[in-house]
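There are two complexes below, and they share chain A, which is joined by chain B in the first and by chain C in the second.
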Partner chain A sequence: MIDQHFLALLVVVPLLASPLCLLLPNGRLPWLLATAVAWVVFALAVFGVFRVYGDGPVSYWMGGWQPPWGIEYRLDALNALVVLIVAAIGAVVVPFAGRSVPAEVDGANIAGFYAAFLLALCGLLGIAVTGDVFNLFVFLEISSLASYTLISQGRNRRALVSAYQYLIFGTIGATFLLIGIGLLYAMTGTLNMADLARRLAEVEQTRTVFTGFAFIVVGAAIKLALFPLHLWLPNAYTHAPSVVSAFLAATATKVAVYVLLRFTFTVFGLEFSFGAAPLSLILATLAVAAILVGSVSAVTQNNVKRLLAYSSVAQIGYMVVAIAMVTALGLTAATLHLFNHALMKGALFLALGCVVYRMGGADMDSLRGLGRKMPLTMAAFVVAGLSLIGVPLTAGFISKWYLVLAAIELGWWPIVAVVLVGSLLAAIYIWRVVEVAYFREADDPARSEAPWSLLAPTWLLALANIYFGLDARLPVSLAESAASVMLGGAP
Partner chain B sequence: MSLLFEHYNYWVAIFLMMTGFYTVISRGNLVKQVVGLNIFQASVFIFYISLAYVDGGATPIVKEGVEVYANPLPHVLILTAIVVGIATTALGLALIVRIKEAYGTIEEDEIREADQRDGKDSDA
Partner chain C sequence: MTRQPVLHVTAKFLIPLIMLFALYVQFHGEYSPGGGFQAGVIFGAGLILYGLVFGVEQAQRVLPLGVLRVLAALGVLLYGGVGMVSLLAGQEFLDYGALSADPVAGQHLGILLVELGVGITVTAVMVIIFYVFAGREKT
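Presenting the complex of A and B:
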């Protein structure tokens, strides 16, 4: 049964578990259920990746209705990678939540918190596996509504305003996607991605299709926080509970990048997206601006969570500039960075979660002397930070290496320079944290390391950064086959 | 001229869309922003539904002697989108209630001032 229905189960299991969570009493039980679900989902995702690499793309017809009439779920090399990222981060982050969430979220809301978390997981996985554009919109809204709720759970009252701002931005973005989908439906009469790709070829040169394309790209750009549409992101990541920051930073923007890739490469096809429309130039320009502005803003931040949030804006820039290259090497770099950035940002935000658990805050002042007070936590932060900078022997180096190679191959020397400047700025902002943690004295130097239930998930991700820096065969081969799917045209 | 009258449904949708969008951007009152967002979404609903109309078509219910039907699929899609819209509105209003409790105001500039007063990690 699992063999046949695993694609549907990937979405249905968290969806059904979510209301169950809400029925459980506040306390440990909702957490246990969420952990079990996250691990089941991870197992299904691993199973799916093996299937895709063993026997090629998997297609599942919801309710047995044949596409394009019914909704098709489809797993190929590209979205298998995204599903793996989301499921893996979910499986690592939920155990962390067991200690961290009761400390940061109102005790009366614990069951609701996990219910929203499972909905967000369901939505993100749904976006990744669906082969139907309207279904994609619905899952996008499920995941977004759940993440607004999660963000608003932060203790600080600013969490409420951040969640509200994100709601306004996110809804405009999703509605833009909806308009674009409507225009495509008006021209083709279909909603299935593969069918759309076939039929759009006949009506490509019409103003309606161009308008639809523009709406969809802008909608996706809002969701993935591409500069200058990133304004919702820093506040949301800063004021959300630590677990939520880690989960969303590692998955939500990645899934939005996937939406952009899916539409531009599979649905519209690269001849249209990058030939008829000047998308390459627009994306490259905005991405360069994102890298520079994001990194410079990160350097000046006083709150480390906000610092990491601005760094995310810059890192998204790396992915988008790699997409704008539209070469096999560039797309490999983009998907590789998708994977590696999830690892490094997940580890960094979890390490900060440990700090918040002990110190109650994440501004520079509360990090003073933590190198001695919480040596294991700060060591994990440094490892992930090195990966973020792109130091050799870490995962971050691999993706930057591919990115630079891809830029050199095209002769895009300014991009090479921008990547180097961006890495230098990353070194500066990570160093600021390291300096405060290791070279300033704490008021109370007594050792107070975070409990192992928080350290274990943090170190798991930190070690993954080193492991995939030493042996990058798995992510590189995944990314290469994803790139060939995108360049191969038909899904 | 024909562009103006034959496709008046699209002009209505565009007018509503811009009205809603402008309201979201220009208003400082959070409830008014949500209202603007609703108008913006409603314009998309109208766009989808007018899309479904087929010239001379009847309502999509099987009946003897009727050959041409309006396309029912966009109607169904929009039912889903309306549910999404209601959920968004509900969540937005719930957040506004909590903001009002925490800040005592729902004006954007007053909230910003309150945040600046507690200082520290505010955005420049």
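Presenting the complex of A and C:
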């Protein structure tokens, strides 16, 4: 039964667990349910990855209706990787929430918090597995609405404003996407991705299709926080509860990158996206700006969560510039960075979650002397920070290595320079945190390490950064098959 | 609240009609325009009208927030539950044909149950949103 239905269960299990969470009393029970669900989903995702690499793409017909009339769920090498990232981060982050959420979220909202969390998980997985563009929009809205709710749960009152800001931006993004999808539907009369790809070829050179393409690309760019459409991201990540920052930073923008990849490569096809439309130049320019502006802004931040949020803007730049190359190596670098960035940002935000749990804030000031007060937490932060910079023997190095190789292959030397400058700036902003934590005295130097239930998930991700830096075979082979799926054109 | 007989009488006359119409839209949805969402909004509007005219406290005595929360969750569970039944019967998720020996009757039953789930959740959520906004000053 699992073998036949795992694609549907991947979405249905968190979807049905969410209202169940709402029925449970506030306290530990919703957390236990969410943990169980996150692990079940992770198991299903691992199963799915094995299936896809064993016997090729898997297709599931919702309600038994045959595509292109019915909604098709489809798993291939590209979205299997995305599903794996989302499910793995979910499985690591929910155990962390057990201690962290009661400390940061109003006790009366705990059940609702986990209900929203599971809906966000369901939406992100749904975006990844669906093979239907309208269904993709629906899941995008499910995940977005749930994330607005999650962000608004931050203790600081500014969390509400940030959530509202994200709501406005996110709604504009989703509306653009919907307008684009509507235009495509008007031209082709179909919503199934594979069918759209076939039918679009006949009507490609019409203004409607170009307009639809522009709407979809801009909508996806807002969702993935591509400079200069990133303004919602720093506030949202700063004021959200720590668990939510870690989960969204590691998954939500990745899924949005996937949406961009799916539309440009599968639905429109690369000849149209990068040939007829000048997408490559636009994406490369904006990505370079994102890397530089994001990194420089990160250097000047005083709140470490905000610093990491700006660093995310820069890291998204690396992914997008790699996409703009449209070569096998470039796309491998992009998907590889998708995977590795989830590991490092997840670890960094979880480490900060430990700090917030003990110190009550993430300002530079509250990190003084933490190298001695919370040695394990800060060690995890440093490990993930090194990975973010791209130091050899960490996962970050692998993705930067592929990115630089891909740029050299094309002779894009300015990009190589930008990547190096970006890494240098990353070294500066991570060093600022390290300096404050290790070389300043705390007011109260007594040791107060975070509890194990928080440290274990943090270290799991930090060690994953090292493991995948030493033995990158798994992510590289996943990324290479994802790249070949994109260049092969067929979904 | 001041006595406003005209308003009270009109509302008392209209609310049952609004709810009846909601049920019509709900259960006639598969033959004519309408369905769970529309019916849920209309039913919710009836309850909200009651709250507006007779006061939010009175409305909450009729339908407390806790009950609405449970209803909102149950609607989604009913929807998903129908899907799970067909899945457990060996068909695809939400393949209503599995609900009955006769596939056509199964499709009929399936869409009715699913739309009922949608209607319950939409009604509950509409009224919850009304309560939250109307009761904002007191919290």
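To be clear about the criterion, the second predicted complex is superposed on the first by the 491 of 491 C-alpha atoms of A that agree within 3 Å, B and C clash if a C-alpha of one lies under 4 Å from a C-alpha of the other, contacts with A are read in each partner's own complex, and residues count from 1 in each chain.
Criterion: contacts are C-beta pairs under 8 Å (C-beta built on N, C-alpha and C of every residue); 3 or more make two chains touch, one makes a residue touch a chain.
From a predicted model like this one, the values you see are computed outputs, not experimental measurements.
By the touch criterion stated above, A:64 is placed in contact with chain C alone, chain B being left untouched. Contact comparison for chain A: of chain B and chain C, B touches the greater number of residues. In the superposed model, A:278 lies in contact with neither chain B nor chain C.
Contact with chain C, but none with chain B, is seen for A:12 once the two complexes are overlaid on the shared chain. Using the contact criterion defined above for the overlaid structures, shared-chain residue A:25 touches neither chain B nor chain C, since it reaches no partner.
With both structures placed on the common chain, the touch criterion links A:107 to neither chain B nor chain C.
Against chain A, in their complex, chain C makes its touches with residues 69-70, 72-74, 76-77, 80-81, 83-84, 86-87, 91-97. Residues of chain B touching chain A in their complex: 21, 24, 30, 33, 37, 40-41, 44, 47-48, 51, 74, 77, 80-81, 84, 87-88, 91-92, 95-96, 98-99, 102-103, 111, 115, 120-121, 123.
Across the complex, chain C is touched by residues 1, 5, 8, 12, 15-16, 18-20, 22-23, 60-64 of chain A. Of all residues in chain A, those touching chain B in their complex are 134, 137-138, 141, 145, 148-149, 152, 157-158, 160-161, 163-164, 167-168, 171-172, 175, 178-179, 182, 185-186, 234-235, 238, 301-303, 306, 363.
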